[in-house]
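Chains: A, B, C and D, in written order; residue numbering restarts at 1 for each.
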Amino acid sequence: MYLVNISSELIYTVESPSSFVFNIAAANTVHQKTLQENLIISPSIDSEWFQLNDFGCRGLRLQTDPCELSIRYNASVELSPEIERVFYLNEVEHKRLPAAVLPFLSPSRYCESDRLGRFAWKEFGQLASGYSRVQEICNWVNTHIDYVAGSTDSSTSACDVLIQRAGVCRDFAHVSIALCRALGIPARYVSGYAVGLKPPDFHGFFEVYLEDRWYLFDATRMAPISGLVRAGIGLDAADASFANIVGQVTMLSINVQADAADPSFLYSDGVPVSTA
Amino acid sequence: MYLVNISSELIYTVESPSSFVFNIAAANTVHQKTLQENLIISPSIDSEWFQLNDFGCRGLRLQTDPCELSIRYNASVELSPEIERVFYLNEVEHKRLPAAVLPFLSPSRYCESDRLGRFAWKEFGQLASGYSRVQEICNWVNTHIDYVAGSTDSSTSACDVLIQRAGVCRDFAHVSIALCRALGIPARYVSGYAVGLKPPDFHGFFEVYLEDRWYLFDATRMAPISGLVRAGIGLDAADASFANIVGQVTMLSINVQADAADPSFLYSDGVPVSTA
Amino acid sequence: MYLVNISSELIYTVESPSSFVFNIAAANTVHQKTLQENLIISPSIDSEWFQLNDFGCRGLRLQTDPCELSIRYNASVELSPEIERVFYLNEVEHKRLPAAVLPFLSPSRYCESDRLGRFAWKEFGQLASGYSRVQEICNWVNTHIDYVAGSTDSSTSACDVLIQRAGVCRDFAHVSIALCRALGIPARYVSGYAVGLKPPDFHGFFEVYLEDRWYLFDATRMAPISGLVRAGIGLDAADASFANIVGQVTMLSINVQADAADPSFLYSDGVPVSTA
Amino acid sequence: MYLVNISSELIYTVESPSSFVFNIAAANTVHQKTLQENLIISPSIDSEWFQLNDFGCRGLRLQTDPCELSIRYNASVELSPEIERVFYLNEVEHKRLPAAVLPFLSPSRYCESDRLGRFAWKEFGQLASGYSRVQEICNWVNTHIDYVAGSTDSSTSACDVLIQRAGVCRDFAHVSIALCRALGIPARYVSGYAVGLKPPDFHGFFEVYLEDRWYLFDATRMAPISGLVRAGIGLDAADASFANIVGQVTMLSINVQADAADPSFLYSDGVPVSTA
């Protein structure tokens, strides 16, 4: 159990009456608790927290007339991962998956697992089932895809990335998720904060359902797994973006931070940590 | 308020131990009640009903060893649509949409609304907002897309269909949903039964959120709206297919029926009916 | 018969030994003659003109070690279009097409006519055959596609543009060509110069084979047809780009001009002119 | 030098006046000579041979009113490959490529080499340049793509196949060609006959330009390279299909044969043979 302090500052020029849904708050799960948090909205505007889904995610809604809008959020988050003997973590037979997990077997906008069945089975079908297979998928993605800022946009999907072989964090997650689902392994997208990410920004990673819970993975290997703080959870980035905006709005700046209160608690890069 | 009798018979050759999730039962919503239903599974196998989502949909899970499996389901369903003065039905501003409706604004596997913003605004942006605009989208889809059995497969998306200009019922729904979402109108996929559909089969159609509830639409115009019985509800067909199967299974036959107890209650084709 | 003066200046930073093929010289055809031309390459480098294809196009090849490379080309070009009573221009039956025209019926990298058969026939199949049908295709493209600088890149194809509904000159040409070929009308891509184009740049347009020769069209309507000077001719932009470069090269500047010696010879926008 | 006897029989039901272009005759190149050939068309119809391109390919054109049309072609073809010490065959620097070869560096309808630059360089960029690198591409394609009859259709491109990991001979060729071009190696599609192909059919393979000429490759490894007889040569299958037909026509049967007069002349599978 250890603390991570997160903060995000978003500043927009709002040019028409606009409606916002933010997904920047730390989720509350079995292994992640928000101890204290602050939200400062300027100018002062009514806003509303709401439950985004059944996974502990919270949305923030607000509307505003034209203005310069700033959203400042910070929180202290307690992470209490249970370390597992991960090589004993098994994939779960379809018939034993909880009903709530089944939607994460289906293809989604950016994870066309329906097209990747043969690909996934040819590359990963011979590997031992379980945690190590998902690690091999992360290895494959990390090796075969280059991290190139600006190489993708909001319409880029896993199949696009497998062809162009370049992407950013959300693309690494989408490819990994698509390959997992193609193998029959439930996988879901997580957006949030990452201790040690350079340059600092929101991060995108993913979770896989093994044994009896969801486990965090990050094929980018740009930050320690144990320093990941979940904000949004969904099918893919379409379902877990940090802001949905309707109106004429321009982002002026974004500033995201995540720091471990005691960095010695952070495991070295790549060490798996059980969550949720 | 009137009755529709539905039935479906699915027969499979199961060649390996297999796991099934069916989504063939009538949903229970404010305007649709299952009065009585029967399920016969042969050979006799344990099965389990479960709640698929928050929209009243029910799933049926079962596992079996190799056998010839038949699933026979029938039900009497009471439909009580509230007829609205539909030309007064408005689209809902983003800021007033209930949180539970927001996910149906996002792009999904088969409905790439993120790519269709300019398309939708150029074709439909000048039209009066509200129910009539959705009807115009249905008109456009019905006119511009040919219904051609076998022209698409399980990986075909709305953008594919807009290029090839042919599809089946699920494709008509996907294109319509994608165009609605691109305009900021929440839309979701519905699978189920349709009185009068020729040839009889499961049907795919869609719902749009207007004013304060979901309204049924069907761009194929192959069956009266008032004879539609909902089974699955989701983002698109990936989220609402009638069967998900893991195992070596071959479908031998499918037989679907939907009949109005008193056909005079059916409205003529195209007449809108409020639901849910 | 009238003169158009064209010029292009291309400046590159060459960072490794590099090989260039330019396609910037005016083609020589029955209706287009290069009267005089100058080429200045700096630093002084050996270069070679060669025949690019059987349509009168000329390529320029050169190699260089690292340097700042500038290519300055200018020419006086005599255009002698034969004005036709265009509404009598017929499409040509497949069996009467010259063998040299047949390749321009096939799909190509950026013009997937094989996917657009139903699209083209639904939109344009009922129209009278001939010149006016191609004009209608231009009208449709001009109305349905927005000209948006920067909206596409080098991998964008006609089908992509039909979905996103935005593009630049090469995209307008690709969509038009793809629709023509889908109808069985031979069409080819032309790159070159355009009098009156704002902002000045290389332009992309297309030719269609009618009656017994190729006719120029430009769905962008950004310049008079009679002021178009052809440099490259091919299947699509993959086959007729103004420069192919192998090496580490950065473009520093591009400056393109095209002026009619006597502007009164230019026909008003949209007036068809026979060529080739 | 040795003889291969080839034959093809195509039978169609022609339901409307139709126009045909066939590309079934053996090409004549430096290393392939048609010694004698017969063509029988039934019913008796005027037909015309014409030169398809500058690579020695011949087209056959004919038109017919409704009928049952049969085309029977056979030929004795003399192949005289020059066996090379293939490990000395180099790739050719861009600046030394003959102008006639340059078009085979560009992306084409089914070979989107423009999208595959990073893919090709990551997979094959570290390998020694030359013949062996192309062999490695064939190995990769043969290992990573499954040959599955019926898995693709006429709109399937190299990128599609790289995702779905299945295809037929034309797809194996398209992927190989796209990867070669992405590396800057000229490659072109060849359609024709193959001794020993099972089941017998037209075959699709490819040629790569090395040192000073074109060399045959076949990533399917379904027939010996030395038994390949070229009919069509082009950018890809869009440019070299065995029949282009305009009219209402249904194929009734196809029967293709290729036999070595003295099978002992055939090299074992995979042994490279220089050609053209």
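We take it that a residue touches a chain if its C-beta (ideal position, glycine included) is under 8 Å from a C-beta of that chain, and two chains touch if they have at least 3 such contacts.
Bear in mind that the values here come from a model prediction, so they are computed numbers and not experimental data.
Enquirer: Looking only at residue numbers at the chain B/chain C interface, is the share used by both copies over half or under half? Answer same or different.
Expert: same
Enquirer: When the C-alpha atoms of chain B and chain D are each averaged to a single point, how far apart are the two points in Å?
Expert: Distance between chain centres: 46 Å.
Enquirer: If you average the Cα atoms of chain A and of chain D to get two centres, how far apart are those centres in Å?
Expert: 47
Enquirer: Can you list every residue of chain C that touches 2 or more other chains, as numbers and ranges?
Expert: Touching at least two other chains: 115.
Enquirer: What is the shape of the graph in which nodes denote protein chains and edges denote touching chain pairs (line, ring, star, complete, other)?
Expert: Chain contacts: single closed ring, each chain with exactly two partners.
Enquirer: What is the complete set of touching chain pairs?
Expert: Here the touching chain pairs work out to A-B, A-D, B-C, C-D.
Enquirer: Contact residues on chain B for chain C in the complex?
Expert: Per the touch definition, chain B meets chain C at residues 115-116, 118-119, 122, 144, 146, 159, 162-166.
Enquirer: Give every residue of chain D touching chain C within the complex, in rising order.
Expert: 19, 21, 50-52, 59, 61, 63, 93-95, 99, 102-103, 105-109, 112, 114-115, 154-155, 184, 235, 238-239, 244, 246
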